[in-house]
Structure formats: structure tokens, C-alpha cells
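Each of the next two complexes has subunit A plus one more chain, namely subunit B in the first and subunit C in the second.
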Partner chain A sequence: MEQTKPFYDFCVPYNKDDSVMRALLSELVETGYKTVAIDQSFDHSKKEAGKRGSEMFPEPHKIEHLRREFQDKLRILQRITILYVDVNVAHAMSVSQNLRKFNLIAGQPKTDAALTHCCTAFNGDLITFDPAAGSRLLVNRKAYQVAVRRGMFFEIKYAPSIADSNYRKDMIKVAQNYCTKGKSKNIIFSSGAAHEFQLRGPYDVANLAFIFGLSEDQGKNAVDRHCRQLFLKAESRRLGKTVMFVKGNGPIVFSDSSEDEQSTEDDEMKADAFEVKDETEHAIKRLKMA
Partner chain B sequence: MVRIKNRYIAVQIVPYTPTQSLRLNDHSLAKILLQNVEKYHGAYGLAVIEQGFRVKYINDRTKIAIIRCLHRGQHFVSSILPLITLIGDVRAKFRTLYIGATIIQCNKFIVKHQKQFLDRVMGQLNSAKERQDLFKSVMEFDMDR
Partner chain C sequence: MANHYYFDIKLKLRDPDAVVLTPALFRSCVLDALDSFFCEEKPTLEIVKFSAQQHRVVFRVPEELHDMTRISIEHISHYQQIPCHFEILETSKSSLDFEKSIEKTLSGLSSSED
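Our next item is the complex of A and B:
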């Protein structure tokens, strides 16, 4: 089982300027986050759906140097946010190879039809909202419950609501809608902060739950436990139906004696009993859901 | 007889640009906080927390403050702290350190927090005089104001 540590912030927008990224990440370390995801957004509706089978989605940004720099302090994941208007995106997603390189896939629907599709059939992990588009899109009760049953998570970004009072009103409206439609299940908080001044500590964010209509526990879980669940779900989507997996921890050594099988056996295999048990449970749960 | 339940919120003020002093005292900070509560929660929110609301301690050097409010109204205070970006005329944000039910617990936490801070900063200073000065200014904890 992949280890992650609380607290989580699953939306740090990517910035080309390394100094900005560094400032953001060191502020995140200081406030007590341990797992963050760097977000890159992609507008599917602008691309023409001409060539079939070709790659539509971009490669992940190169952030190896940042990973190395914050090796012990932060675990950095990568996430893509797909903006889309219709269901054509599903086909493009199923053939894409680049998508598998991202840790998390988020959908940002632009129309009502897309929102319903996002809740019921979208092959991602997270549903997010564009604060700039206002609160025209409100999820309905049926779709929300289907999404909860599928294990999708809904994201609330707090940084825009700190910056501007209109965004704040819209985000509160969206969040309160979750509260009325389904008791605010499966909600996570993330920052979406472009500047380190907009970042807040995890406990501050949990306190924001009060104005977003969540209870105290839900608020705490929104930066901690639900994010962990989301991460596990994303991992299981990437790996398929998995009972256990082996991850290399050192250089790959090719042994001479057994060249016909297991050519990519690694130096240190980490597969203790816990991993097996947990992944099995997960697989069973997935089977039940399917 | 049920006693009155209070909550003590220990916060740190983080300015946008690093500054030495904030030129804030406890009254001005309390006023700013109450104004913000009114801005976000309206007259109702203000009325719920106004009784019993007080800034018990503020250290200009380390930028740590303790806010007291009634247990019933603590949500109204703690939920607006992340939304504040302007304190007085300084761009700054609040970072909640701890929420406790007695001021003693808050005190304990802050002392611990300050010790950690000292451990980090002490290594960067050269002379023993500077270290002593820093130690004094950071660990001073003067409650009666």
C-alpha cells in the first residue's frame, strides 16, 4: 500500500516560474502539509475531435527537480484537470496513454449535461468547479448520490474565495448545495492558490467548513481522510484490479541465473502482509461496486 | 452551577512582507476582528460573539496572539480567521496554532512552539549577545495587560 501522510492539498496550480513554485511548496511545508498535487488544466472543448486514436492529452510537466528538492518533506503528485462540454471526452480518455502518467484526474464540466455525465460515468476521481464561471452549475440530488456511490469526490477550492467576495459567495453557494442535496458527503478542500499568501494551514481550512455547511468532523476529514481515500481510489484506477503490487526502491538489477522470467526484479521488494491485505480488501470493494 | 465555557484561540500573524513590528495592541486587534466578524457573519454573528470576546495577549515581536471568546460563538471567530487578508493597514494573514479550553493549555502550547522556533533560529545567529536578546524577546510572556 502506498504510504501518504496527512495533510493533503490536491490543487496547487502549476507555474512555469520555478521560484514561485518553490515559494508555494516551502510555504506548504511550513504550514504542515505532507502530500500535495500539482495541477495542470487542459481544455478539451477547444481541441478538434478530428484525428482518431491520436494523443489528445498533454504530457505531465517535468517536476523532477522539485521532487528531489522536497524529497523528505513533501510528496508531490501530479494531477490533470480536464475542462469539457460533452461526452466525447470519454473516448479520448480511454485511448490516451498520457493520462496514465498522472496520479489524479479531475473533471471540470462546463454544461449541465457534462456535469451529469461527470457524476455518472466519468473515468476520473474528482469533480471540481470553476469559480470564475459562477454558480450556474448546481449538481442535482440523483447525480450527486450516484457520484458518491461510485466513490467520486467533490472539490472545494478556498483560495479564490479568500481573494474575492463574489467568488466567495459562489463557492459558499456550491458548497451549501452539496449540503442540501446529500449531507456534504465526499468533499475535499484544496487550495488552488496562485500565491503563497493565499495558502492557509490545514486547521484553518478545516475551520472554514463552518461557512461551507460541513460539520466539524467532515471539515477535518476533507483535508485528511477523504483525501487519502481519493488517493487510494486513483491509484487503483491506474493499476487496474490489483491484489498487490511491487515497487522498486533501488536500481534495477538483471540477474544472470534466471533471465527467462522476472527480468525486472528489483533490489528491494516491499510486499508485507499489510499491503496484501489492504489491496485485497480494496479489490473486493471494487468488485462489489462494479 | 455551570461555569461559563470559554475558548482560547492562539493565532500567529503572518505579514505579507516580513516586518519587525505590527503596531498593534490588544484593543486594536479586537476591534479589527469584530469588524471582520460583522463583515462576514453580519449583525447576528457579531451579537453572538461580542460578549466575552477579548484579546488576552499579543506579542508584537513574535506576532502571536491569544483570543478569548465564548464556546458557543467560537465557530464564528475561527471560520473567519482564514478569510482575513488585511489586519489594520498591513497585509497579513492569520495562522491558527491551537484552540484550547483554558489559557494555561494555550500558554503551554505557545511555550513549546516558541522553543521549536528558537531551535531553528538560534543556529543562524553569531554573537551570544544577540542570542540572549532573541531569547528574551521570544520567551517573554506577559499576561497582565
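Our next item is the complex of A and C:
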């Protein structure tokens, strides 16, 4: 299974300036984060209708040098946030190869219809909102419940609320809406920090639950357990249906049998194991042929 | 006697040379944050220890203001128009002293080297 370590910050906006990225990642390491996602935005609504071809999503930015630099300290994932207004995005997403290269896909609806679509049918992992647009879009109870049943997560970014008190009001309103409509289920906190001074430690972030209407446990889960669940869901979406072969390392030893019996059983099991291996190889060949 | 909560804060500033670090200015910065966020006007905030060189502060507030103070400190983003982060290193009901903790760390390091 894919290993990740707490704590998580799934929204570190990408910056072309490497020194800014390095400062951000160093601060994340220092404050105790182990798994982060570098975010890049894509506005689907700005694409012209005529140009909506088979591949409209961008490739992930090249961050191998950052991964190498922080390889022992941080696990760096890549995320795309798709801003959209209509359901046409669903078709574009289904045919896109580039989207598979991202670890996480977030949807940022711009209209009420898009928000409902995001909750009920969006083929991503995460629903986020634009702090600059204010609290214009509020999710309704039914859509929230459908989203939770589908395993979608709702994101609350804390950096805009640090940067501007107006954003803070909107943020609290949106968070309170999540609280009243869906008891703040499936919420994750992430930073969305433009520079390192907007980052806060995971315990401080969990403590923000106090103003966002979450319980203490929900606050802790929002930077730890829910993020892990989100990551696993995203991985399963990326990999799709997977065939698994389970191979034993040695023979099964029954404790109630004598040593002699065991040795004969071991021989038999080894023979069986070889047969099973042969069969598996045949099955793989057949799959490849198909 | 009223119960207090002690905060050990590390001041991270983008440009430390461009600001004047004094206990009074720090205190007013925290009180402004409390006022703007929770409308708590002039609550009791006592600075116990302050070091401009080490960028460390220990202060205490009444117990009932603990949560509000913590949230307010997390939301402080500027100190004299310079981007900053007041990192909360520790909170405790008992008295805190960053000089003692530094000494402990140093003595721990020296013993591990031996």
C-alpha cells in the first residue's frame, strides 16, 4: 500500500520561482508536515467551446528537482484544481490522459449548478471554493450528503483567512454552512499559502476547528485521517480496477502436526505452490493475449 | 488567585532588521488581533519574558482567554507592516521560561556528545 505520513497539506500553490517553493517546503518541513500537494489551477470556463479537443488539461509542472531535494523529509504530490461553470468538464475529464498524471483532482465550481454537479457527479476527489468569490456559493443539504456518500471531501483553506479579514468572514460562513448542512463531515484543512509566513503548524491548524464549527476530533482528522482517506481514494481512482497476485513467501506450517508430517506436507505444498505459480503465469499470458 | 495560561512564542519575521521589537509593541499587536477578531477590548496580557535577540516571548493570559488568544495569534500575519508568523511553541498552565528550555536542550546535546 502507498505509504504516507501525517501531517498533510494538500494545497501548496505552485510558484514558478523556485526560491519561493523552497522556502514554502522548508517551512512545511519545519512545522511538521510530511505529505504535501503542489497545486496548479486550470480554468475550464476560459477555454473556447470550439477548441475543446481531446486533451485540454495541462501537464503537471516539473518538480522532480524539488522531490529530490526533499525526498527524505517530504512526500510531494501533485494536484490540479479545475475551475468550471458547466457539466461539459465531465467529458473533457473522461478523455484526458494528463489528468491521470496528477495525484489529486479538485473541483472549484463557479456557479450553483456547477456546485451541485461537483457534489453529485464530478469525477474528482475534492471540492474547494474560491475565497475571492466570497460566500456566494453555499452547498445544500442533499448535495452535501451525496458528496459525502461518494467519498468526496470538502476543503477549507486557512491562508486567505490569515491574509485578509474579509476572506476570513467568508471562510467562517462557508465552514458554518458545512456544519449546519452536513455536520462538517469529510472536511480537510489545507493552507493555500502564497508564502511561508502564511503557513501554520498542524496543531495550530487543527485548533482552527474552534472557529470553523468543527469538533476537536474533526479538527484533528482534517489535517490527518481525512487527508489519508482522500489520498487513498485518489489513488484508487487513478489506478482503476487492479488485478492483484498474492504470493506466499513459504509453506504454511500447522502447529498441531508433527515434524515428520510437516516435512512431507511442506514438500507437497512446495509442489502445489509451483503448480499455482505455473497457472498464474499462464493466466498472465492469457491476459496479455486478450 | 486567577488561573493563567502561559504562551511561549517564537517570532518569525521576513525582515527582522526592519522592525523594532519591543514588549509594548508586541503586546499591542496581540491585543489588536484579539480586538479585531473577538472584540475583546483590553484583556489582561502580561509579558513574562521577552528577548529581542532570540525573537522569543513568554506571556500569560487568564484561562478563559486561552482559546481566543491562540486563535488570534494564529491569525496575525503582519507586525509593523512586515509579514510575520508568531509560532506558538508551547502553552502551559505552569510557568514557562525559554531560557531554561534552551539550557536544557544545550545540556542534553552536550551529554549526548559525551
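The rule we apply is simple: the second predicted complex is superposed on the first by the 239 of 290 C-alpha atoms of A that agree within 3 Å, B and C clash if a C-alpha of one lies under 4 Å from a C-alpha of the other, contacts with A are read in each partner's own complex, and residues count from 1 in each chain.
Convention: a residue touches a chain if its C-beta (ideal position, glycine included) is under 8 Å from a C-beta of that chain, and two chains touch if they have at least 3 such contacts.
Remember, predicted model here, so these are calculated numbers, not experimental data.
Considered on the superposed subunit A, subunit B and subunit C are sterically incompatible, since they clash. By the touch criterion defined above, A:Phe210 lies against subunit B and subunit C together after alignment on the C-alpha atoms of chain A.
By the touch criterion defined above, A:Phe197 reaches both subunit B and subunit C.
In the superposition on the C-alpha atoms of chain A, the part of subunit A touched by subunit B in one complex and by subunit C in the other spans residues 31, 161-163, 168, 197, 200-201, 204, 207-208, 210-211.
Against subunit A, in their complex, subunit C makes its touches with residues 12, 14, 36, 67, 70-71, 74-75, 77, 83-85, 87-88.
Those residues of subunit A whose C-beta lies close enough to touch subunit C in the complex are 31, 161-163, 165, 168, 195-201, 204, 207-208, 210-211.
Subunit B makes touch with subunit A in their complex at residues 16, 40, 75-76, 78-79, 81-83, 85, 91, 93-96.
Those residues of subunit A lying in contact with subunit B across their complex are 31, 158, 161-163, 168, 197, 200-201, 203-205, 207-211.
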